[in-house]
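Here chain A shows up in two complexes: once beside chain B, once beside chain C.
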Partner chain A sequence: MLPSTLRDQALGYALLAPSLLLLGGLLGWPLIQAVLLSFYDMHPLTRRVIYVGLENYTDIFEDDMFWRAFANNFVWLAGSLFLQIGGGVVVALLLNRTFIGRGIARSLILFPYLMPVLVAALVWRWMLDDIHGIVNYAWIGMGLKRIDWLSTMPNAMVTVIVVGSWRVFPFVVIAVLARLQSIPQQLYEAAEVDGASRWSQFWDVTMPQIANVLSVIVLLRAIWDFREFDLIFLMTGGGPVIGTTTLPLLVYKEAFELFKMGKALAIAVVMMLCMLVLIAAYLRSVRNAPASEEIR
Partner chain B sequence: MKSLPMRLAGLAATGFTWLLVLAVTFPLLWMLGTAFKRPTELFAKPPTFFPHAPTLQNFVDVLEQTKFTIYATNSLIVATVTTLFVLVVATLGAHAMVSFKLMGRHVVARALLLCYMLPTTAVLIPIYLMIAGLGLANSLSGLIVAYTSLTLPFALWLMRAFFAGIPPEIEAAALIDGASRLRAFVDVVLPQALPGIVTTGVFSFLICWNEYLYSLVMINDDRTRTLPTGIMGTLVNGYAIEWGMVMAAATMMSVPLLLVFLFLQRYVVQGFGAGAVKG
Partner chain C sequence: MPAKDIVSPDRRSLLKAAGAAAALSLAGRIPEAEAQAPVTLRAMTLQRAPLQMKAYEAMVKGFEAVNRNIKVEVLPVSQTDLWPKLAAAYAGGDVPDLVMQITSENAVSLHGQGLLQPVDDVVRALGEADFEPAAQNLFKDKGSYFAVPASNNCVSLLWYRKDLLGEAGLAPPQTWEQLVNVARRLTKGDKYGASMPYGKTAMTNSITWTLVYQAGGRIIAPDNSVVFNSDATVAVLEFLKEMHPFMPPGVNRYDFSDVLNAYVQGTSATCMYTGRAIVNVNNENPSIADHISCVPFPLRSLDRPWWSGAFESLIVPKAAKNAAAAKLFAAWNFKLDTYVEFINATPGHQIPMLKSVLASPDYLSHPLLVKYRKELDVTIDTLSKAHATAKPDDKSPLIVKAGEIQNSGIFAETIQRVVIEGEAPRRAAAWGQDRIARLMRG
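And then the complex of A and B:
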């Protein structure tokens, strides 16, 4: 680190100033406003506000829709975390072996993650089309009954979870793969000498090595998936009825379909509080796993 | 030398891996196949994988019957302007955070991380009200403001990691040789940071190109709509969806992604390595 003079401090802050101003103006201030306005009622046209105290909050806590969305949010989160982490670890282990075309396979696996979310949602909707979709064609081909993948419950939730996990599991693959490559080969050689089976090598050598990184990945993905809007909205619009409406979708509906800004903001604030718990846990786990620095 | 059963097991694992990889990329291939099919072949039983009589009709229809080119131009403008602006701001900011021993830099880093993790939905409404209040609703400038709030924390976070990876001795040597701090930054640090800047630019561009929610909320005018909301609004409304056209539009919308894969893949992988890839 270079010695720091007062002039350096001034120059440094001058370089940082645009970033700080923009972050403050475009995130800090809106965030404060979100919290403040959640105690007000806003007229949809004039935007005039009236202080209503905790009314927006008592409103949402008495609203079945809110609790349904709250529950949906956790079903969505738990389901997609389970699938993407499980699938991601398995695929990372497979891609860590030496095999023909490994480089190409590692690139191809990234596609779902980098595809525009709209494109991903539309392709799946086409494949899942009740009548002409390839999925139902294959499904019926296996002698099973035609299924409404997106317009009945619980199918819609399961489908959205599967598609959501498909979209983001490459992130898990890449992050786990990076860690797998840094495990010293000697550990496996020693385990082999001791006669450990492949299975026990995984649990006794690999798992302890990737455990820290994995906990960071789980929390990071939880933070990101908890707030997912685009994919769910584009696949189902929150339906059938409110079957796949999660908190972010409810915020959107209250604010931009029902024009209840105050109530929408109260939901957003509750959502943020839930996320703060996740973020705090994430910060703790990063501190406990300095080696995972690179995947933050 | 490995035993025969071991080698067979290895072969099976390789086959299984490739099967999985192909299954994961299948939707992409299915999109391409559908985009080049004629309407009659779309509903063929059994479905065909490769189009029998490939046609560009779907692409022509999308370009002639919808405002695809307008949406694409808007998306391109918004994504390019936002990316360039954010890159300049974040390069300066990241350099300041890494190589100046600023007082309060830990507070700044912590605040930045919080900004980075903040859900869009939490600030969506205040930002929407702010932009509408400035009279920028329905305008591309409004979207650029919103997308700056979306990409700046991410860009700063990613660039900070890249700048931290540059050995400080390089800059120190230039300073000892008599260069000013700004000269040292431009001549010595910036060239070293270039790959990181490109990576950050690629991801910012893709984030803006793909963004849906802000565009949905803020734009209510066909002249300023971007691709995601434009395609959704014109092609995926109602019950009789023309899947051939939809897949053609989706294919065209994926072009930047394919270009990135062909020419900038190295940077993408680096981006994953340096971490922070927003999902």
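And then the complex of A and C:
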């Protein structure tokens, strides 16, 4: 008869098995299939499949469109992170102060995050319309020249970054605000006794306290934003020319406009490798994060 | 239950309609198993304006009343979404049984990939000789029809404002050079001379064929080689660049609806569009309804006329699960009353492909067609000389990758490289040539 520890372990694995099998089937198999098909030339309608080895990979690395999309991806990522994190921290600090209507303000701030991306994109496209949009109307009203927000560069990239950041910055606000509320008030009182200015209090008390939360948020948002597709697709379609075409849009273009499914999957695999680096950094950051007691 | 029994006894009342008669003649060919089992027919359509969808409702209602075992689901899809939706449908093994009003280059591409069933039985049941000769020539390949010609529309029209051209002492343009002059003269402040597409959109990709053919060029030569990088393409790019300052500011994103809206709202004095301008102006801006008219889209050179028609058709994919029922409904599409209702849901936009309907009072008596008879005649006359982009003349072979080329977005990107990024037309044409060649190799 097996010792009880072994029996417990076996039971544990037996209980885990259905979940692991389900996960393997739902996540693992499509992933393996995607990697395998990246070595093939496949037509999505005829389902014709021809083995081409590494040709799809050599093709994408020799294609200037891939490198432009790769660069665009990082411009989009850097711009979005900067605005989301910067804006999110500022708004969280404001909402952490006491003022009349704070509860309502905290609720309203969630609004962009709750809005479906399709609605957000359509509303912004409407507001930014060249002729009838309220943004240009106000802009011209201030005596400024009409601006083509979405169909010239760098306007299009700047606009999608601003709209994308507007949509998700409440996530940063919520996470940072939660951490701000748990910072002991005594730390600020001690800093004040030591004659620290507001600015010093922010850098020497607040920032160290929220640093861990911020690093996790930055990595999570980087992972999510790196594969952003819908907002950019809906707002610019990747244009003008390929000015806002990021890697996910290039995957779509190769798969559904050019019918190069294998090449699209090769790009997706490269994207996945980039994201694995970010995910590894995230896991490392979470593992190394000191407990809140240690910070205090 | 015998196959003929799926048609109800009151069918005799429908026999006046050609489509119904054809449907009845096809009904006998439905396999017994398919006739007995309840069938849900999934019919995708690319014409999806509210009134068109209403016309489909009437068409489906009549069809279901006669064929009680068949339910029809009409699935509207945009031109831009067609390929992604079809790819997803094929991947999921859930291919539509029928695709309605698909434009010719897409039908040709699907045929080129061997994905379509022959539909000779439907065409013959409807009366082959009644279809426009150009449509017969286009959809008949190696003696067999791969699509049923359904209706046509002519984007090779230039709609203009009679009042604005008259005030400026201008005649409707006949050449590109005259169009540039008209557009320049009529651009003042927030009013623009023209509206054409420059976006990464279906319309930009669609009209590029027309302009290149008008300039005497080709995209694909009869021997299937890519010949996009030509003097003709360079001329097209230069023409579009010259026109660009006379277009509304957001034109770099314009698709079909934006191009038309600019004209309908009075922002632009001219626009390149189909007869849909008639109904949109009358519904949305009746104040200019008495001032609109159209001419065939101007040519680069008067001695080289070329205009395009959409040549929309009905196709039955090989992978359709209910092919026989799909053919029955395809034939039913031509039942006179609902066919005319569908065509006249957008009067002047959809033009019947059956000669008998084109001449029938049922079709011509629509009040807007009576009012704009001159414009309708221009449209019909232009279409009678028009060709499909996938077969630029009667003798050329089908361009079997026309759909892929059009949907690739290569045309629009080539244009944007010149107009937005300031790239030299020759260099952009070479880039486009390289991209199309890659596409053709796949």
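FYI, the second predicted complex is superposed on the first by the 264 of 296 C-alpha atoms of A that agree within 3 Å, B and C clash if a C-alpha of one lies under 4 Å from a C-alpha of the other, contacts with A are read in each partner's own complex, and residues count from 1 in each chain.
The working rule: a contact is a pair of C-beta atoms (placed from the backbone, for glycine too) under 8 Å apart; a residue touches a chain by one contact, two chains touch by 3 or more.
The shown structure was predicted, so the numbers you read here are calculated from the model rather than taken from an experiment.
Enquirer: State whether chain B or chain C is in contact with more residues of chain A in the superposed arrangement.
Expert: The partner with more contacted residues on chain A is B.
Enquirer: Looking at A:197, would you say it contacts chain B, chain C, both, or neither? Reply first, second, both or neither.
Expert: neither
Enquirer: Classify the contacts of A:129 with the two partner chains as first (chain B alone), second (chain C alone), both, or neither.
Expert: Both partners, chain B and chain C.
Enquirer: For A:47, select first, second, both or neither according to whether it touches chain B, chain C, the two together, or no partner.
Expert: So A:47 meets both chain B and chain C here.
Enquirer: Look at A:16 in the shared chain and tell me whether it touches chain B only, chain C only, both, or neither; answer first, second, both or neither.
Expert: Only chain B; A:16 stays clear of chain C.
Enquirer: Touching A:113 in the superposition: chain B (first), chain C (second), both, neither?
Expert: Touch status of A:113: first partner only.
Enquirer: Going by the contact rule set out at the top, does A:58 touch chain B (first), chain C (second), both, or neither?
Expert: In the superposed model, A:58 contacts neither chain B nor chain C.
Enquirer: Is A:175 contacted by the first partner chain B, the second partner chain C, both or neither?
Expert: first
Enquirer: Which holds for A:256: it touches chain B only (first), chain C only (second), both, or neither?
Expert: A:256: touches chain B and chain C.
Enquirer: Shared contact residues on chain A, chain B side and chain C side combined as an intersection?
Expert: 47, 129, 252, 255-256
Enquirer: Any idea which chain A residues touch chain B in the complex?
Expert: Of all residues in chain A, those touching chain B are 1-2, 4, 8-9, 11-13, 15-16, 18-20, 22-23, 26-31, 33-34, 37, 47, 91, 94-95, 97, 99-101, 105, 107-120, 122-127, 129, 132, 134, 137, 166, 168, 171, 174-175, 178, 221, 223-227, 229-230, 233-234, 247-248, 251-252, 255-256, 261, 264-265, 268-269, 271-272, 275, 279, 282-283, 293-296.
Enquirer: Please output the residues of chain B touching chain A within their complex, sorted ascending.
Expert: 10, 13-14, 16-18, 20-21, 24-25, 27-28, 30-31, 34, 42-43, 45-47, 89-90, 92-93, 95-97, 99-103, 108, 111-115, 117-127, 129-130, 145, 148-149, 152-153, 156-157, 161, 168, 171-172, 175, 181-182, 206, 209-210, 212-213, 217, 227-228, 231-232, 236, 243, 246-247, 250, 253-254, 257, 260-261, 265, 268-269, 272-279
Enquirer: Under the stated contact criterion, what part of chain C meets chain A in this complex?
Expert: 83-84, 86-87, 90-91, 110, 113-115, 190, 199-201, 248-253, 262, 267, 404, 407-409, 413, 416-417, 420-421, 439, 442
Enquirer: Can you list the residues on chain A that touch chain C in the complex?
Expert: It comes out as residues 41, 43-47, 129-131, 146, 148, 150-153, 236-242, 252-253, 255-260.
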